[in-house]
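Some structures are shown below for you to check.
Next come two complexes built around subunit A: one with subunit B, the other with subunit C.
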Partner chain A sequence: MTNGIMNGAMNRRVLILLGPVAGIVMFLGVVWMASVFVGHNEYKEPYRAPAATADATPRAEGVAAEKAAAETKAKATPYTEAEYRRFPGVGSRVAIWSVAQLHLLFAAFVLAVPMFAFIIEVIGYKTGDERYDRLAHEFTNLLSVSFSLTATFGAFLTFMLIILYPKFTNYLMSVFSPTFLPYVLLFFFEAFFLYTYYYGWGKFHPLVHLGLGLGLNVVGTAIMMIANAWLTFMMSPRGISDTGAVLSVRDAIFNYTWLPINVHRFIANIAFGGSVAAAYAAFKFLQAETDEERAHYDWMGYIGNFVAISAFLPLPFAGYWLAKEIYAFSQTLGLTMMGGAFSWLFIIQAVLIGNLFLAANYYLWLGMGRVEGVQPLQKFIKYLLIGITLCFAVWATPRSIIATVSEIRAMGGSAHPILGYLGVMSAKNTAVNILILTTFMSFLLYRRTGKVATVAWAKIGHAAQLAIFATAAFIVIFLGVYGYFVEATVRIRLSVPQVSSVLMAMVSITAIDVFLFRGATRTGEVRWGRIPRISQYVLIFIAVTFTWLMGLMGYVRSGLRQHWHVYGVVRDTSPDAFTPTLGFATKVVSVTVLEFFLLIGVVFWIASLHDRPDFQRQAKTTRRTGAHEAELT
Partner chain B sequence: MKIPIVLAVAVAFGLLRFLRVKLLIWAAAWWIGIYILLRFGFTAPIPSSVITIYMGIVSIAILAYVSSSQERRDEISGPLIRFMTEKRYTLLLAVAVVAIPALAAANVYVRMNVSIEPPLFSRTVHPASPADITVHDKRIDLDAGENPFRHLETSNPQEFRKHVENGRRVYYQNCVFCHGDTMSANGMFVHGLDPIPTNFHDTIAQLRETFLFWRISKGGPGLPDEGGPWDTAMPAWEKFLQEDEMWDAVLFLYDFTGQRPRGREEVATK
Partner chain C sequence: MTVPLIARIGALVLATTAFYGYVGQMVPQKEVQPPAEVVLKSDLTTADMVKVGREIMEGKGLCLTCHTIGKSGALRFPDLAGVDGRAKSRVAGLSDVEYFAQSMYEPWAFIVPGFNPGMPPINKPPVGLTDQEILCVIAYLQTLGGTPTVTLQTKHHYNSGTTAAPPSQGVSPGGTQPEAPLKGEKR
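Up next, the complex of A and B:
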């Protein structure tokens, strides 16, 4: 038996050796065959007498003179700087687009995970619950590989810009030259904080470690803000003359859309990080084999999603501010965005965000199933769903409707007499606010499942919460309707009280809820892991949709410039200076998102190697077990 | 809304409530009821592209509801499983197996069997204007520019009215034939035009006066690509009118419809 095992091992070694040997032999064979083929079949000039012995014919003299003239001309060619170079196959624009998008997605992830980990670690420190600390540490496992990939894509993007758009890149570098050294310096700090945060887990006092996490986030955000200055300058330039000469670098940095982009990206990064973290947990949940694992990853997915949705709720307002600034900077850009070539992308955006809201609510409703016993709050789901569906439909109603000629005639114009009212900002703002309120109510219902308030003022508390909710909804709808009767600039300003009333309602209802359910009676325990598997696919759906949205809206922001590198100042004269069709744009974004998730899958896999048993030990254990079994037989 | 259709759907829902039907029937009823309302319940029919968006949302919402708890999942899947596994439903199952592809085929037939008409097109109603245009050798800044006579509304109302009246003259001498007496896109030539002209009552409040000036002066030939297919009959009025006449016409459009032009937003970070 032992001999048999030994022979088996020998056979394996022989096979392992045989593989490379066979590969080399095959390679040599192919080289030999190719050389024989070329040698036998290549065209050969017929024999001619050597040039020196042959008489110079007028043709031969002419050919020689032509060759000499070409050589002289080639030597005298002056050096000229290339304006553009062409990327083979897909073209320069798509190549830059994909690389920039991948760089941005990884950068967002690398900025988002520390934010997420820091928030979770703070919760763990405050509550003393070690599960949070472990959760935060688990996510930072993903950081080092992602950081390397981000830097690699950053370098890739820089090289691509220099190769494909040398003149424009040179211009951008000359405008922002004072920002590059601080940028590099911040990268050093980022690396320092990132690695000390990761490797120093549990090695420092918790507050020192939290300080490192805070440093990591501050430096990461500063890096993002510098990069934002470059890209926002391209869209809304400032601090330069009409011909592009730099007048003030400070103004170029603090351009019109810089601040709204910073805020928008900061919030979106938290939402993005939370959603990818939740998708990671969902992936692990679906792979889990024990109830303990399922419980852990269910909880992890819930926390990730909670952070993502919490950040997602104020995101539409940040986006609205950005859109307002774009409109204020240039009416043309605003119209291109909301009423022109890109307006249909906003309908796609509305459909995606509507689906995100629906998915977030659906996940909470499914989560009620974790709680044992009867769930009387389930009966409210249908009313929440009606509200969400109505708001979703309003948001997705297009202003420029696609219609046949007969449909347009039947409607009496290009705008529908009723739906036309839903296609404008008043209706859409109202719908978003009500969607946010409804999602918040779903969260409250989830939070209350399996609990009964026991405080003496419970009834009054419930009534007060309901009254606040109703008041906020009334204010939002009233101002939405009022918006139809005032001019656009006033209507835009109405969004501020709408948002404020929603935020006030959320804060005050949460405050009441905390006290209302203090010492509440439990009617059933929460069983983590007891949730249908479809919920995990919902988490993955949310992460993919977030990423897709980032790609799509990134394209809108960048594509708005149309045939300008720097809007109104530096014109794009390359062959790609046209706006692609929406279908083409969505395909490029979709492929890039797919590439990102493939790469993030590699990141997850590399991160999981850390937990694998050591190879040698594993091999020894297997061998020992094999030998033991052999002895027994 | 077409009241009889709305009432019929409401009565059908009331009947289902009275019969206390199961969740599966309710889900189907909601889907069909909403489709009937959208397809037939509006006096001005809703274009099929919008119905598709709405029904997509409704379908997702109904699926989300029926699968949102274990009880609902059981309630919805139970009858379906019984229908597919119990012997007494074999004949019905066979009918369903034949009916599903037959319905798909019927749908294809209905969709193909339509009268020949131009295809759907995604014409952008308000294409973006360029940053500036040149009219009668004068550069007009569409971003930062204003109607040169708008300030008279407060500073010299009498003079302002003169410009509005001049705009009225310009409109009724040139524009009325297509845009109509009441500016509702119902002029006498409208039946020969595709797309039909703009109805000023429902669009101009969202636009700045410079945008209207651009559309009037440059007309169909000045439309950017996204405003296509290039088939609007709007002439480039700069060839027939003076600059002041076009600004006056813009004043008159807002005055007649009772709308205010969109103002210029202030940049917060300036």
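Up next, the complex of A and C:
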């Protein structure tokens, strides 16, 4: 017992020491960093003996004359604007890349969480179910620390741009100068809305609180749209002369890719935020000690994942639109993306998205186990799995295959004689649309688990849903095959009816389902928390995959400009102007993702402090009394 | 021995990122350098120009990113095999040299029937070939179905030559003669 008390006292001492030690380490880190930066830029004079003690020899006079000449020359040096500065170690590009990616990941999270927190709060308000209100509040727990990190990385990114790329940053600022002050103002508003939304939970009338949530979302989206104008201008500049002079700021903002990027990011942020929030719930589920806690975090994880996958399903359509606008701006840029240096990147993307679909479906199938009476529906899972695996394989098939010269000769070209047909857009578009339809079917199966429709038209309803699904699948496959027999100009347009039929099917089947299962008989209750633990690791896997995917797609969007800061206008003449290999890019993405998860771990930990019981001095007194008693015995 | 939760989650995050990083190493690795600025000698022969033109088309000019040579089927841009034979009679009043020059300086002036406009002016950024480099490309294009005749001294409408302005009789998608777009305008 005495040992236990001594260990406790030791632990307290370690904890007390930890603060100052961490402070000293951080201070030394800052001093080291400052010395590295200053040391790289500042001229250091070599040590010389003081003039008074130096002998008056011809050499000393010569040295003095040299020094005077150097001083005169230094004074006459004209001011020249630096074009680039180098970041020590990893170089300027990787430094900017990493900081920008971390800023964007936190910004995406901070923008997304209020969106679904607001929607969940609205559901809670409309249904009067307080569980939704508590869930929405718990999601916003993660916000305040993330908001600070977003702002910190934003400031870090701005300073890095000014330090490392001063000329280019100056140009971008001159083009978009009218947007910066509104941006800062909106940031103030966002801070106001975010903190009143979080700290004002339960303190205002629900409608006032919902108004704050709405304000937070509107302002957050506006901030994102302003920042998107800057980065999309770099890719598809508009509103400027051939030499880069600003003709219209409005046109510079409304450039080709601005609107599709806004939509794409808006949806992707929700998907990403949902997945990270689900990962938080998974972490809490795995830590939970009671069934009640497990039930709560299972439900929270399910909602987070539902939000993520619901947003993920229409994301490829927004991606098509963005790609279409890139082609419309510049065919060269479009072809560099899809057929040039970056074409293999989309094979990596296919692996990621295939994994996301597989993992999301697997989680849903595991989740069916929560509901009693699941057996009649489980027989469909194997067919869904076959469908997903086949589509995944088609999507990940490259057009040209890495092969030796003899292998290429044997194949009769770099494309495989049979598999090569699966590597083109007709096959890939078909595969991704069928993947979306299949995942939607998984959702539908999960939704109706443990329920039996009781409406009079139940049979007709089921038949209509099946017919719509089959028609959509037929249209997608038919147009995919038809694409092989028509000109490219026709083939490109076929993706529109493919996408439309899938969207129409999802909307109409959902609409029928809502009415079909209104007042349905329950054959079994949902037993939240009764799900295998592996399902929670699947949620974390989905979050990591989403994050990695965002990093990869951020790279292609930015890297597509190749040796241009602003495509066709401001050329990159720095030592980093080359486009790195995909292997190098994926290493940078991996390291950045690990950094993000390290930081998000800190966010989770800080957020979990909220649930801890308050520190009570009384407990300390009790322990002391206990220790005293122990000594006496 | 039970592995702590935080270690299990850390291992999962690490393994997932490592796996995707590994997939990234499995695809072809190509580092793309920015096009080098090369000053052409003034005494290049036509044969030299053909070689340089071919290099420009594969590299700085980005021509072969979109165009093909000797491919058939559903193409996105015109195939260039035998293009010199067609260039001589493609637009009435234009020689092959004038037609090639027009295709590069004013690509929207004539759109080959069956294709959509999409080519940027080659003398402007982001490609930004010089007049001499464009002459070299023309020399190479002439070898595709013809015999190269241009030299670095060859004049055409776009390099202050004396030839009359090429007639605008191209086929535009809308049926009317398209105008040169501003930077970033829809083409």
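As a convention for this text, the second predicted complex is superposed on the first by the 548 of 633 C-alpha atoms of A that agree within 3 Å, B and C clash if a C-alpha of one lies under 4 Å from a C-alpha of the other, contacts with A are read in each partner's own complex, and residues count from 1 in each chain.
To be clear about the criterion, contacts are C-beta pairs under 8 Å (C-beta built on N, C-alpha and C of every residue); 3 or more make two chains touch, one makes a residue touch a chain.
Predicted model, so just to flag it, every value in this text is computed and none were measured.
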Original post:
Clash or fit: what happens to subunit B and subunit C when subunit A is overlaid?
Top reply: clash
Original post:
In the superposed arrangement, which partner chain does A:Gly568 touch: subunit B (first), subunit C (second), both, or neither?
Top reply: both
**OP:** Pick one for A:Gln287: touches subunit B only (first), subunit C only (second), both, or neither.
**Re:** second
**OP:** Examine A:Val94 and indicate which partner it touches, taking first as subunit B and second as subunit C; both and neither are also allowed.
**Re:** neither
Original post:
Where does A:Val351 make contact in the superposed view: on subunit B (first), on subunit C (second), on both, or on neither?
Top reply: both
**OP:** Please work out whether A:Leu419 is in contact with subunit B alone, subunit C alone, both, or neither, and reply first, second, both or neither.
**Re:** first
**OP:** Report for A:Ser330: first if it touches subunit B alone, second if subunit C alone, otherwise both or neither.
**Re:** both
**OP:** Answer with first, second, both or neither: which of subunit B and subunit C does A:Phe597 touch in the superposed model?
**Re:** second
Subject >> Which superposed partner A:Tyr256 touches (first subunit B, second subunit C, both, neither) >> reply: both
Original post:
Which holds for A:Leu322: it touches subunit B only (first), subunit C only (second), both, or neither?
Top reply: neither
Original post:
Where on subunit A do the contacts from subunit B and from subunit C line up?
Top reply: 255-256, 327-332, 335-336, 339-341, 344, 347, 351, 402, 487-489, 568, 579
Subject >> Touch list for subunit A against partner subunit B, complex >> reply: 254-256, 258-259, 324-325, 327-333, 335-336, 339-341, 343-344, 347, 351, 354-355, 358, 361-362, 365-366, 368-369, 375, 378, 381-382, 385, 388-389, 392-393, 396-420, 424, 487-489, 492, 532, 534, 568, 579
Subject >> Of all residues in subunit A, those that touch subunit C in their complex >> reply: 236-242, 251, 255-256, 283, 286-287, 327-332, 335-336, 339-341, 344-345, 347-348, 351-352, 402, 486-489, 491, 537, 540-541, 544-545, 548, 552, 562-564, 567-569, 571-572, 577-583, 585-587, 589-590, 593-594, 597
**OP:** Using the touch definition up top, name the residues of subunit C that touch subunit A in the complex.
**Re:** 5, 8-9, 12-14, 16-18, 20-21, 23-25, 27-35, 62, 65-66, 74-77, 114-116, 118-120, 124-127, 183-187
**OP:** Could you pull out which subunit B residues touch subunit A in their complex?
**Re:** 42, 44-50, 53-54, 56-58, 60-61, 64-65, 67-71, 73, 117-131, 142-143, 184-185, 194-196, 198-199, 202-203, 205-206, 208, 210-211, 224-226, 260-270
